[in-house]
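Listed after this line are the structures, all set down as structure tokens.
Each of the next two complexes has chain A plus one more chain, namely chain B in the first and chain C in the second.
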Partner chain A sequence: MTVQEHLSRFEAVAKDPAGQLKGHLAQGRKVVLTAPVYTPEEIIYAMGLVPMGAWGGDMELRRSKEYFPAFLCSIVQSIVELGMAGAYEGASAIVIPSLCDSLKVLGQNWKYAVPSIPFIPMTWPQNRTPDYARDFILAGYERLIRDLEAATGAVFEEERLEEAIRVYNDHDRAMRELAKVLAAHPEVSAAQRSAVFKSAWFMDKAEHTAWVTELLAALREAVVGPKKLPVVTTGVLADAPGITALLDEYGFTVAADDVAAESRQYRTDTPEGGAPLERLARKFQAMDCCSVLYDPQKRQVEHIVRLAKDSGAKAVVMLLTKFCDPEEFDAPLIKKACDAAGLPMVQIEVDRQMVNYGQARTMLETLRDTLTA
Partner chain B sequence: MYTLGIDIGSTTSKCAVLRDGAEKLAASLALGGIGTKGPAEALDGVLKDAGLALEDMAAVAATGYGRTRCEQAGMQASELTCHALGAHAAFPQVRTVVDIGGQDAKVISLVGEGRMRNFMMNDKCAAGTGRFLDVMASVLQIPLDELGSRAVRAESAAAVSSTCTVFAESEVISLLAGGVDMDALAAGICASVAGRTAALVKRLGVVPAVCMSGGVARNDGVRAALEAELGEPILVSPDAQLFGAVGAAIYAYKKAT
Partner chain C sequence: MSEEIKKHRPPPDPNSAKYKLGQIAAKAYSDAQAAKDRGEPVGWCASNFPVEIPETLGLAVVYPENQAAGIAARGGGARLCEISEADGYSNDICAYARISLAYAKIKDAPEQNVPMPDFVLCCNNICNCMIKWYENLSRELNIPLIMIDIPFNPDYEVSDGELAYVKAQFWDAIHQLEALTGKKWSDERYREVMEYSGRTSRAWLAATACARYEPSPFNGFDLLNHMAVMVTARGKKEAAEAMETLLKEYEDNHEKGVSTFRAEEKYRIMFEGIACWPWLRVTSTGLKSRGINMVTTIYADAFGFIYKDFDDMCRAYCRVPNAINLELSRDKRIKLCRDNHVEGLLVHTNRSCKLWSGFMAEMSRQIGQACDIPVVSFDGDQADPRNFSEAQYDTRVQGLMEIMEARKEAM
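Moving on, here comes the complex of A and B:
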């Protein structure tokens, strides 16, 4: 298969999560939805269930307004909108973490808005690094396991978690390698790159790792395309077709990303040593550089600048999800750090209801002009 | 060499014809932006005034929100690029350009030779834009041009929200019902736009000299309030609304030579 044929496979999956859901169910597998931003998918996978990401979709929000005010994160609203429209029917449960206020509200309202799909909370500690936080995380896992067993009838066995952790660590490594290799292949469009990352949410991770490994092999043999303007993307999501199309139209290539739905997921492996659940808890404790992971040092800010420098990016494109408080609080700090580093940054406001990309077009076109003048 | 710049905005369309990328031969402005007869009228007007035909143009560049739908243009450039070029041509000493158009506000930071160093745009909201002034003039039932002159002669400014056009409209109606003086209301409305814009300018950094471009530059009330907010005098050209079109014509010249 050519690189383009490999990429087409990922695009087909990314565009059809409903088809993926049907496919898993047709194989007799039970599906558990996972809401943003971090859920311990390894536990779900270890129970023989398929975790499928539920990050909403680009659409007009109507029925979700029965539960939410207008000025609330549209990702959260679109998850409920899809749930109320029946898009997730067939799933056995949804796991919603407690990492921001909007997600807490999502869990509370899901119970009433989509009663056919049980809501399972995953309560993370805000102060995640102290030793006592590990006990809190473990207690959260125990609750999660009990709820999953009740909702799906599946049974948790710690030995099978070892294997699930291996599958997920392999996937993390493959995705990190992919991000690095894609940076050297500007002929892969921003839309195609986005599709590879997005498809990971809908596929069995072992299968996705196999696909990514095949893509990597094909990329190593491929002719590298003409140079483009390398940028780092940051934000919660970067999958809006209107945005990726503009990045491609104006000659940008994503040299690296700091996107919650993309590379932020794959930075931290589960460490070796100890009981598997405890290892998984230590993974969450080690995660960092994300707006929803509490950090008084705000290391994410320097992380983005370093990412840009290390990847040779000429600018940072911040895709700021409207009404996302954690991201909006950090945005001025990131802007300041980019300015100090002499790194141009554009902040494009995005949401799940976006139909007009005029302002984004102007910003990206102007960014290109400033970088090529 | 003649070049033509076409700036199709959200509420107006502007054109400029330059000779050798510098001398303005003709310019036009027509009401109505993208999706209206405005662009065609502006184009007819500028060619008639210049005594030239479209075929005489060595290059044509389009800018503004309607730039991607301009059939006559062989190239496009963002309005920030064009306003930067237009402002630099009018005021070579300018380092900060504040462009308040019908639908958005932009701040551009320039380096010495008129090259863009950085820029910032408002969020997706009508507050702090020309649309806000349109809505308020309509509420007050006065011509848009009168807002500025009333604001300048006001003894005090009424407090008007800069957060949201819809909220501010309700506020202004309440203030009218409360008998607040019309001039004070006009001053409050202009101050509201200036306050919102000043926040954007300060985020980018106020580097003198500062100039205004876009249609709102014609509003003396907004300009005076913005000067007070920024603590800097603001240069305004009678052609401020044409900076985008002039900049597009300069852009076309640069690309053609």
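Moving on, here comes the complex of A and C:
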């Protein structure tokens, strides 16, 4: 297969989560939805269930308004919209973590908006590094497992978690490698890159790793395309077709990303040593540099500047999800740090109902002109 | 014009609860300033951070949310919000946070000044927005941040796991503060604070429960003013005494058949949400002019900080509004509606507060059904005056009144 053929496979999956859901069910597997931003997918996977990401969709909001006021982010709104429209029917449960205020209320609304799919909370500690936080994470896992067993009839066995952790660590590594390799392949478009990352949410991770590995092999053989303008993307989501199309149109390539639905997922592996559940808890404790994780030193700010420098990016493109508190609080600090580092930054407000990309177009056009002047 | 009215007002009675409570609230600020002037470290503290900790340690703190409410009520909300917005903060962010971050930058607001902090105390039991806000304060002012994470509880009861996690953090915070300020924790002093807090809380619960009388001996808007003391000073002796005075006044009012609601009480409603501080007069008059008394709010329940020991105190902080699930939130409100013979629910859909407004639609539907009362909502904001429309408020309140009226006639 050529690189382009590989990429089309990913694109087909990314465009059709409903088809993926059907496919898993047809194979006799049970599906558990996972809401943003972090859920212990390894536990779900270890129980023989397929975790599928539910980050909403680009669509008009109608019925979600019965639950949410207009000023909550379009991610939680469209998750409920899709749920009410029956798009997730067949899934056995949804796991929603408590990482931001909008996610907290998503869980509460879900119970009444989509009663056919049980809500399972995952309450993470924000003060996550002390030892006592680990006990709290473990208590959260216990509760999660109990609820998953009740919702799906599947059974949790800790030995099988060992294997799931291996699958996920392998996937993390493959995705990190992919991000690095893609930075050197500007002929892979922003839209295609986004599809590879997005498809990971809908596939069995072992299978996704296999596909990514094959893509990496194909890339190694491929002719590198002409240079483009390397940028770092940051935000919650970067999958809006209108945005990736503009990045491509103006000649940008994603040198690295700090996107919650993309590379933030793959930065931290589960460490070795100890009982599997405890290892998994230590993974969460080790996570960092993300707007929904308590960050008293604001390491996230420096992280973005460093990421840009290390990846050779010439600018930072912040895709700020409208009404996303966590990101909106970080934005001014990131801007300041980029300014101080002499790194151009554009801030583009995005949501899942975007039809007008005029402002984004102007900003990216101006950025291109600045970088090529 | 208001100057003229003020001139003709009789001087406040220094023995009245209103006067005492006002003094306590004002003294909280002047005490903190005095501490600062003496060279002692001063903190900025989240409203639902366990006040027992700074109180027991003898640390002066001020409350940015209170300050922001004060600034907003005195007309400075838009000015400070715009300063933050010019710095890149989205106007979608909670207006209290925008005001506070602006103040941290300009360090002066004649509406309500506070001493600049040497540390900040954050507790996210009311929202995670708080975490982000305090992280930024800590970074911009380059001062330590002490954080107690009290997760949103998806369950009805507080689990042992949550309690253990929260308790460990309380001690962690105490030890961090001891190291930072040189002050020492004293169990004896803590017991004293716990006792006063219990006394204040009991009086508050009993005073707010006087709304069960018909007519109610008080205007519910009073509670919004007295709340500041419950938030910031409930562990102080003076607060306990002032609240007990308030209770006595309400009981006396009832005996005498008078009320601080200075109109005929035709309808009794529950108000849901934070007050619209910049539009306090408008929102209050819109009700009073129609004979609608807001007899209760969740604040009546929220400040019942009565606990028997340290564990129990930790549990109480896990059960503040905004930390509890829809069902427990709903049931607390249903109880208030029933106990106080509420005939309608007026919901403030507060643009600033995603958590509070986020499941309000479903919760108020359930309350309306359970109590068989009409529910009407309006759009507003607790501190950004730009997010409120007087005309919409008026129409909605009129609508609520008409339903209540029709129901009375049908009875």
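As a working rule, the second predicted complex is superposed on the first by the 373 of 373 C-alpha atoms of A that agree within 3 Å, B and C clash if a C-alpha of one lies under 4 Å from a C-alpha of the other, contacts with A are read in each partner's own complex, and residues count from 1 in each chain.
Here is the rule we use: contacts are C-beta pairs under 8 Å (C-beta built on N, C-alpha and C of every residue); 3 or more make two chains touch, one makes a residue touch a chain.
Since the model is a prediction, treat every value here as computed from it, not as a measurement.
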| item | value |
| --- | --- |
| Which of chain B and chain C A:M59 touches, first, second, both or neither | neither |
| Contacts of A:E365 with chain B and chain C, given as first, second, both or neither | first |
| Partner chain in contact with A:G140 - chain B first, chain C second, else both or neither | second |
| Touching partner for A:Y112 - first (chain B), second (chain C), both, neither | second |
| Which superposed partner A:V181 touches (first chain B, second chain C, both, neither) | neither |
| Contacts of A:P344 with chain B and chain C, given as first, second, both or neither | first |
| Of chain B and chain C, the chain that contacts the larger number of chain A residues | C |
| Touched partner set for A:A218, first chain B, second chain C, both or neither | neither |
| Contacts of A:F68 with chain B and chain C, given as first, second, both or neither | second |
| On chain A, the residue positions that both chain B and chain C contact, one per complex | 322, 332, 335 |
| Chain A-touching residues of chain C, taken from the complex the two chains share | 87-90, 92-94, 97, 124, 127-129, 131-133, 135-136, 138-139, 145, 147-149, 151-155, 159-162, 164-165, 168-169, 172, 325-326, 349, 351, 354-355, 357-362 |
| Complex contact set, residues of chain B against chain A | 65, 68, 76-81, 104, 115-119, 121, 123-124, 203 |
| Chain A - residues contacting chain B, complex | 322, 332, 335, 339, 344, 349, 358-359, 361-363, 365-366, 369-370, 373 |
| Chain A residues within the chain C interface of the complex | 66-69, 71-72, 98-102, 104-109, 111-113, 121, 123-127, 130, 132-133, 135-136, 139-140, 143, 291-292, 294-298, 320, 322-323, 325-326, 328-333, 335-336 |
